Structures are given as structure tokens and as C-alpha cells.
Amino acid sequence: MLIGRVIGEVWATQKQPSHEGRKVLYVQPLALDGSDRGQPILALDAVDAGVSERVLVVTEGFSAMTAVDRPNSPIDMAVIGIIDTVELVKDA
Amino acid sequence: MLIGRVIGEVWATQKQPSHEGRKVLYVQPLALDGSDRGQPILALDAVDAGVSERVLVVTEGFSAMTAVDRPNSPIDMAVIGIIDTVELVKDA
Amino acid sequence: MLIGRVIGEVWATQKQPSHEGRKVLYVQPLALDGSDRGQPILALDAVDAGVSERVLVVTEGFSAMTAVDRPNSPIDMAVIGIIDTVELVKDA
Amino acid sequence: MLIGRVIGEVWATQKQPSHEGRKVLYVQPLALDGSDRGQPILALDAVDAGVSERVLVVTEGFSAMTAVDRPNSPIDMAVIGIIDTVELVKDA
Amino acid sequence: MLIGRVIGEVWATQKQPSHEGRKVLYVQPLALDGSDRGQPILALDAVDAGVSERVLVVTEGFSAMTAVDRPNSPIDMAVIGIIDTVELVKDA
């Protein structure tokens, strides 16, 4: 899983019924200090996340399919939660 | 998932019936600003995409198999949609 | 699998029943000499690991789901053990 | 999937019946212009490919198992076709 | 799959019955010329490999589980063979 910030949305001419009624979100992965980490990714929305929210993203196909309760679907990443708090321990 | 642009096609002596009737497309992944991002990839076509179109690509095996409705096939990436619009939020 | 050190915990508004009662841990992967290796990752806790412990992390979806005995769940990484000893052979 | 050139073969004391009668090939991934791209990989042969041939490689476990018709086998990459033609579009 | 050299072993307080009776090996991936390639990985042993042996490692969860005949286990990499010979073709 990774933490990211929702930065946009993508509309596509889908031929996959599994994607109907779900948003495809552009998510910018974040480093521990909240700065950008690598390139943005695309994930199917399972929690109705909004732009600029910090979210929890699962990054594996079978995991992502079950997140939106649509097994056997072409889904490889899904937004599965909205972040409340991150607690880091100094000198862990 | 990632967004890419179709830049070519590959013909191979296939021994896999799962690939019959499907195009193997060369897809150049794109960054947010539309510039190239990394190396081109090969994906099975599930939506009859044409050269130069921007497409949505799923990059996991089980997901890709279901995209072309051929489970238990040697497919690890598939083109599953043609992009209409990308909306990005400034200062997300 | 990889070895890492628990450095924090994440609380999210989960909509996934699979995550209830399990901690989402921030884990810093470690190199052989114990130094940091790459960026921290997020993994579901299967062994009740505490902050600053060295842990064994499985990094594949289907594997991680079985680690917490919750198949068909959106889990892609899991902490599956607490490290006792690492034995390296010189001039292997 | 990726395109590569067969550059060698590996013999191992296998304890996996799934690998019997199949070659383990060393494959050098290729860039669009035919030059080397990254490090060589190891893939199980599903099409009786020979050294120096350009081949199509599937790079996911479940996909690779079905390519050689041996589900539930420890196979994560397989050579599934021999390349005939690659057609690239200028200014795609 | 990849080729590596066994460089050590890890003992952990496992809570996974799937790991009982199996060694967790530290394996250093090797390049074609036998030099080190990237960081060491951890893999479950399926062939009773010893330190300093060159081994064949499968790097996908479902594949690795079947290698040790323990499906539905938190295993993402497994040592599945001991290398006898690598034959490379010049000017392939």
C-alpha cells in the first residue's frame, strides 16, 4: 500500500462494465514528509475520495478487485481509504 | 493503470490461442504533461485502439486476462479504454 | 520478502472490513548492514509488531491476504514475522 | 509483455516436475531500436525458441503458468512467441 | 526467475505454519558475468540449498507457493533449483 494525494480524474471510453460508476483517479504518491514521491498513478476509486484528499492505495490486481467488490475485473490499483492520521516514531 | 499512446504493433508467431484475433500494441507511457515516460510496453488490445490514440492500460496479469475475457491466458497487460479527458487540479 | 524496521502507524477511514482490528504499519526496508534501503512502505500487521522492531514483510497480494487469513481482501503487503537473527556468511 | 533476444540457456538441478522437458532461457530485453534494455532475464520456453531469435516474453506468474499449460507451477516468466514483424508509426 | 548466490539465513519468530521446516535464505542476485546485481533478497528454500551455492529463484507469489507445495501461504519468493551450468552464446 502507499499514501498519495488525489490530483485529478480521468474519463475514458470504457468497454469494461467493472469500471462503470467508479471514478478513475490520478494519485500522486507521497513521501513520509508529505513531498511528492515519483510519478502519479491511476487507481479505481472504492471510497468516493475527493480531489486533494490524502488516500490509501492498494497496488495489486487481485487485491484491488476485491476492494471494489468486482472480482475478475481489469483493475490493478484501487483507493481503499482516506487517511486520518500518520504517526511516526523518532529514532525508531 | 497507466495512460499511454499507441505507437505501433507487433506480429509474432503465436502458439497461444488466447492471442488470436487480438492485436499486440506497442504503447508509450505518458507523463502528466503528455511527454514520454519511460520505455514503451507491449499490451494486448481489448478495445480496438488505433495508432496515435491515448489509451488506458491495465498492467497486471489476472486483471489483463479478464479485460479480454480470456482467463487462464498468458496475458500480462491489456489496453482497456480510450482516453476522452484528463482533468487535473492545480494546487491539489 | 524483505526485512524492515517498524517506524510508525497509519490511521485511515477504512471502508474495508478486512482491515478492521489490524494495524497499518509504516516499515522502513533495511539493507544487509542495517542501514535504510529505499523508501518506507505500508503493510498490514499480522503478528502484532511494535515500533522499532525488525520484521519480515511479504510483498505480494495473494500472499499477504493469506498471512492475515483474509482471502479476497485488498491487502498487498503484510508483516508476517519478527526477526530473531540474521546470519551472513563472509566470502559466500 | 516485452521483446527480447535469446542469448543462452541455463541447466539446473530442478526439483520441480513442471520444468521437466522445458528449457530455461536467458533473454536480453530489447529497446525499440533493437539495442539492449536493462539486464537479461530468465524465462521458461513455451515455443521451442532458439538462440538469437527475437521472442515475446510474458512476465507475470499466473500468465506464464498457463502459457506452458502447467497451472500451479513455480513459473514467473515464459517465452510465448517468436517475433515476425514490429511496425512502428513515426510521429504517433 | 533469476540466478543468485546464497549468502545467509534469517531466523524469525514466525506465526505462519507455512514457513515451519523451511529455511529463509538471503540470496544475492547475480549478473551474467557472476558479479553482484542489486540488493540481496529473501526467499523460502524449496530445494535445501546451502550457503555459497548458485540457485534459481522464482519471484512471484503464487508461483513461489506452489514451489513449496503450500498454496495459500504468505510466500512471495522461493529457491526452486540449484544451478549446474549456464551457457551463453557470443554475438547472439
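Order of writing sets the chain letters: A, B, C, D and E. Residues in each chain are counted from 1.
In the analysis below, contacts are C-beta pairs under 8 Å (C-beta built on N, C-alpha and C of every residue); 3 or more make two chains touch, one makes a residue touch a chain.
Source: prediction; values computed, not measured.
Chemist: Determine the set of chains touching chain C that also touch chain D.
Modeler: Intersection of chain C and chain D contact lists gives E.
Chemist: If I superpose chain A onto chain B using their CA atoms, what angle of rotation comes out, to the nearest 5 degrees?
Modeler: Roughly 70 degrees of rotation.
Chemist: CA centre of chain B versus CA centre of chain E: separation in Å?
Modeler: Taking the mean C-alpha position of each chain, the two centres sit 32 Å apart.
Chemist: What is the distance in Å between the mean C-alpha positions of chain C and chain E?
Modeler: Computed value for the inter-centroid distance: 20 Å.
Chemist: Return the residues of chain B touching two or more other chains; collapse runs of consecutive numbers into ranges.
Modeler: If we look for residues of chain B contacting two or more partner chains, we find 60-62, 64.
Chemist: Taking chains as nodes and touches as edges, what kind of graph is this: line, ring, star, complete or other?
Modeler: Looks like a ring, each chain touching just two neighbours.
Chemist: Please trace the ring of touching chains beginning with chain A, moving first to chain B, and write out the chain order.
Modeler: A, B, D, E, C
Chemist: Applying the document's contact rule, which stretches of chain C touch chain E when the two form their complex?
Modeler: The contact residues of chain C facing chain E are 1-3, 31-32, 37, 46-47, 56, 58-64, 66-67, 71, 78, 80-89, 92.
Chemist: Which residues of chain E touch chain C once you look at their complex with the stated criterion?
Modeler: 5-16, 19, 24, 26, 28, 39-44, 51-52, 60-62, 64-65, 72-77
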